[in-house]
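Below: one structure, written as structure tokens.
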Amino acid sequence: MKWRYFKQSVFFSLVRASALIITLALGGIIFYIFYNGYSVISWDFITKPPTDSMTKGGIMPAIIGTIYLTLGAIAIGLPLGIASAVYLTEYARQGKVVRAIKIGINCLAGVPSVVFGLFGLGFFVIFLKFGSSILAGSLTLGFLILPTIIGASEEALKSVPQTFREASLSLGVSKWQTTYRIVLPNALSGILTGSILGIGRAAGETAPIMFTAAAFFTSKLPGSVFDEVMALPYHVYVLSTAGTNIEATRPIQFGTVLVLVAVVLGIDLIAIIIRGYMRRNKRW
Amino acid sequence: MVVMGGKEIIQLDDVNFYYGECRALSNISMKFVKNKVTALIGPSGCGKSTLLRVLNRMNDLIDGTKVEGKIFFEGKNIYAPDVDPVEIRRKIGMVFQKPNPFPKTIYNNISYGPKLAGLGVEDMDTLVEQSLRQAVLWDEVKNILNKSAMNLSGGQQQRLCIARALAMKPDVLLMDEPTSALDPISTAKIEELIEALKKDYTIIIVTHNMQQAARISDETAFFYMGNLIEYNKTEKIFTNPDMKQTEDYITGRFG
Amino acid sequence: MNRRIKETVIKHAFFLFALVSVIVLGLIVLSLFREGLPVFKQVSLKDFVFGMEWYPTYDPPSFGIFPLIFGSFIVTLLATVIAVPLGVLAAIYISDITPRPAVRESLKSVIELLAGLPSVVLGFFGMVIVAPWLQETFDLPTGLNIINASVILAIMAIPTISSISEDALYSVPQEFKEASYALGATKFETITKVILPAALSGISTAVMLGMARAIGETMVVLMVAGGAAAIPESIFDSVRPMPASIAAEMGETPYGSSHYHALFAIGVVLFFLTLSFNLIADYVSHKFRQTGSATL
């Protein structure tokens, strides 16, 4: 009998150790980034462009570029994603076509980000002749996060009770109006939280924008969607691997990483908080 | 074909209904009389709820269902290809077994349907009050119209759903076991209001509760395994039914 | 009549929107093939996939990607070996051994935040903090190698493995657990002999998806795996997995050159590799869900 309990305590220790290791990993990463990066952060760092071949100055253009790319990704991914989810949950009849669409979405979700980058390069940059631009980058990022948004929206729509739809339809309200006035408003919070996580991902991705939108240095801020931009993830990558002055720019690299992490984790935390709030205040 | 005295408002002509391969309703022919309360009774799974949903085409929402035969309302077959189910549902309303108010205010629950149907209501406030009075709910909620409907009790919610359906001014009101989820007091209130409603509406009510059917209905139809066994005045069904099966069910020999 | 037409139009519009995902998938395949196939004028498929020499910039160039494929496999394998125990044990902790809700929610948040870290940040961390440490501790010429990349990839895969395993464990019917305890089994025994087998299909799915994530991951291997396009001899050697080659070399490659096409061809291989992992994971999760409980 004692042997059984001994085995159990060994197991439980392993389990707790795993939890601890994982937490330490996160903690360690955040700690090192913060520790090495915070001294570089200043108002100037965020609002001024780089100078002296990136060894001094700020990263403002990269922040702006990331904002533009992320907004672009949202503009493309969110409406398409919600519309796809609405079709799949509200209008689709079971059958081969619907199954094919769902398989397609699953496959799309599994495509590696570098392959998305190749796609963006081959199709948007070269074939459609958009060139390396905010447009090409946003399209690539938008399609990258599309499956995430579809998944979150589908879940949110499914969680709206069927009885609401029945009640609305039985009153002689059309299907679209039922969807628009009852289903979507009640699914909105779920759609938003799921989408915010997808947006956080778009902000942090490097491979999809490497060949489609990002430039190491732009002398001025973008004036149109056909311009290239600097971007935070790309800035980190280039400064730390290919810049002319890797050691000297090291503090700036840490600072950029810190800003990027703050932005992405900030976005994620907002989503988590909204989700917790929505759960507590469920209206039905 | 069983014919009642009085004007008929809905007529079923040899109707069959299928869930996929399974036939849930067989050769149903009957006429529903205007401004009367007709009860549909029978054991579980006999098809009475299915029949109700066939009348306002709510079964269209389920994949794989098929309707054969004709159902005439206002002289037209509601299953004709050029008929819009949305129009049907505005004239044939429904109240469900479990109360299902929208997570909106009481006022907005009632005004939702008329607003979207574009009924051109000049005075929505009057319509809301009228509907709530007909559902015997006005006095209880007149001061909390802008509070959420989800805060009401079960019985109040169901009366709200009735008011909501009445706000569309339908000709027929279908009720699918409307009191089976409610306590006896709420049940009694709703039975009372049904009695009052039949002046202006035709009511078809599915119920598991035979005593309820005997209390409130004028006509009763007894179903068994998808077939219409007997359809007659309520008094006759409950005191002197023609078919043995009906009698067995009424006396509780099977449930 | 007007409204009926409107409703039909709306329904078809939504259908078209839903088709977009499939269309994009098709476009991806098309683009990859369009830009990648030309390389096979210069090298046969067999030589491409199994060739041992990746010298794309030599004259004449050599396009054998086997070292790259091998590099991908080795870091993925090692990452899986590290990530699966950690991820599954963490999932068990969250779903079956939880102490207070506060601890469970914190661990879940930790894992979620970990999942949110951009890959370039993890690559940076591996390059700037872990590599020097490895270099010093093990007296190596460089800390950019397989073990570094595998550890970082494991950190990336753990959230995927953990959250999907957690779902699988959570959906094991309560009745199984109660039956086991009622027979006098300890918690450990219940977990290992009843819950885990019942959740096996879900956990296998989790592992496959974690592996798919690791294989496709770019920035980490780009910054941390070292970059030597050769078959390694020890875990302290550097490798160049497929995504790293694509990302590293595309910037320097002239458009339309055979090197350019070769990189797209690597993309094709990578695409189908990750696709098969995902499809297998899908298949496993559907096929074994039904029989899982009956074969206990």
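In order of appearance the chains are A, B and C, and numbering begins at 1 in each one.
The working rule: contacts are C-beta pairs under 8 Å (C-beta built on N, C-alpha and C of every residue); 3 or more make two chains touch, one makes a residue touch a chain.
All figures in this text were calculated on a predicted structure; none of them were measured in a lab.
Chemist: Please identify each chain that touches chain A as well as chain B.
Modeler: Both-contact set = C.
Chemist: When contacts are scored as defined above, which chain pair ends up with more C-beta pairs, A-C or B-C?
Modeler: Of the two interfaces, A-C and B-C, more C-beta pairs touch across A-C.
Chemist: Starting from the mean Cα coordinates of chain A and chain B, work out the distance between those two points in Å.
Modeler: Here chain A and chain B have centroids separated by 49 Å.
Chemist: For chain A versus chain C, what separation do you get between their C-alpha means, in angstrom?
Modeler: 17
Chemist: On a C-alpha centroid basis, what's the spacing between chain B and chain C, in Å?
Modeler: Taking the mean C-alpha position of each chain, the two centres sit 55 Å apart.
Chemist: When you check chain A against every other chain, which residues touch at least two of them?
Modeler: Each of 174 in chain A touches at least two other chains.
Chemist: Provide the list of chain C residues touching at least two other chains, using ranges where the numbers run on.
Modeler: As it turns out, chain C has residues touching two or more other chains at 3.
Chemist: Which chain B residues sit where two or more other chains touch them?
Modeler: 86
Chemist: Sort out for me which residues of chain B touch chain C in the complex.
Modeler: 84, 86
Chemist: What residues of chain A sit close enough to touch chain C in their complex?
Modeler: Interface residues on chain A, with respect to chain C: 4-5, 7-8, 11-12, 14-16, 18-19, 21-23, 25-26, 29, 32-33, 80, 83-84, 86-88, 90-92, 100-101, 104-119, 121-123, 126-127, 143, 146-147, 150, 174-176, 197, 200-201, 203-207, 210-211, 233-234, 236-237, 240-241, 250, 253, 257, 260-261, 264-265, 268, 272.
Chemist: Can you name the residues of chain C that touch chain B in the complex?
Modeler: Against chain B, chain C makes touches at 3-4.
Chemist: Give the list of chain A residues in touch with chain B in this complex.
Modeler: Touching chain B from chain A are residues 93-94, 161, 163-174, 177, 181-182, 186, 283-284.
Chemist: Of all residues in chain C, which touch chain A in the complex?
Modeler: Listed in rising order, the residues of chain C that touch chain A are 3, 6-7, 10-11, 13-15, 17-22, 24-25, 27-28, 31-32, 34-35, 85-86, 89-90, 92-93, 97, 107, 109-114, 116-125, 127-129, 155, 158, 162, 186-189, 191-192, 212, 215-219, 222-223, 243, 246-247, 250-251, 255, 263-264, 267, 270-271, 274-275, 277-279, 282.
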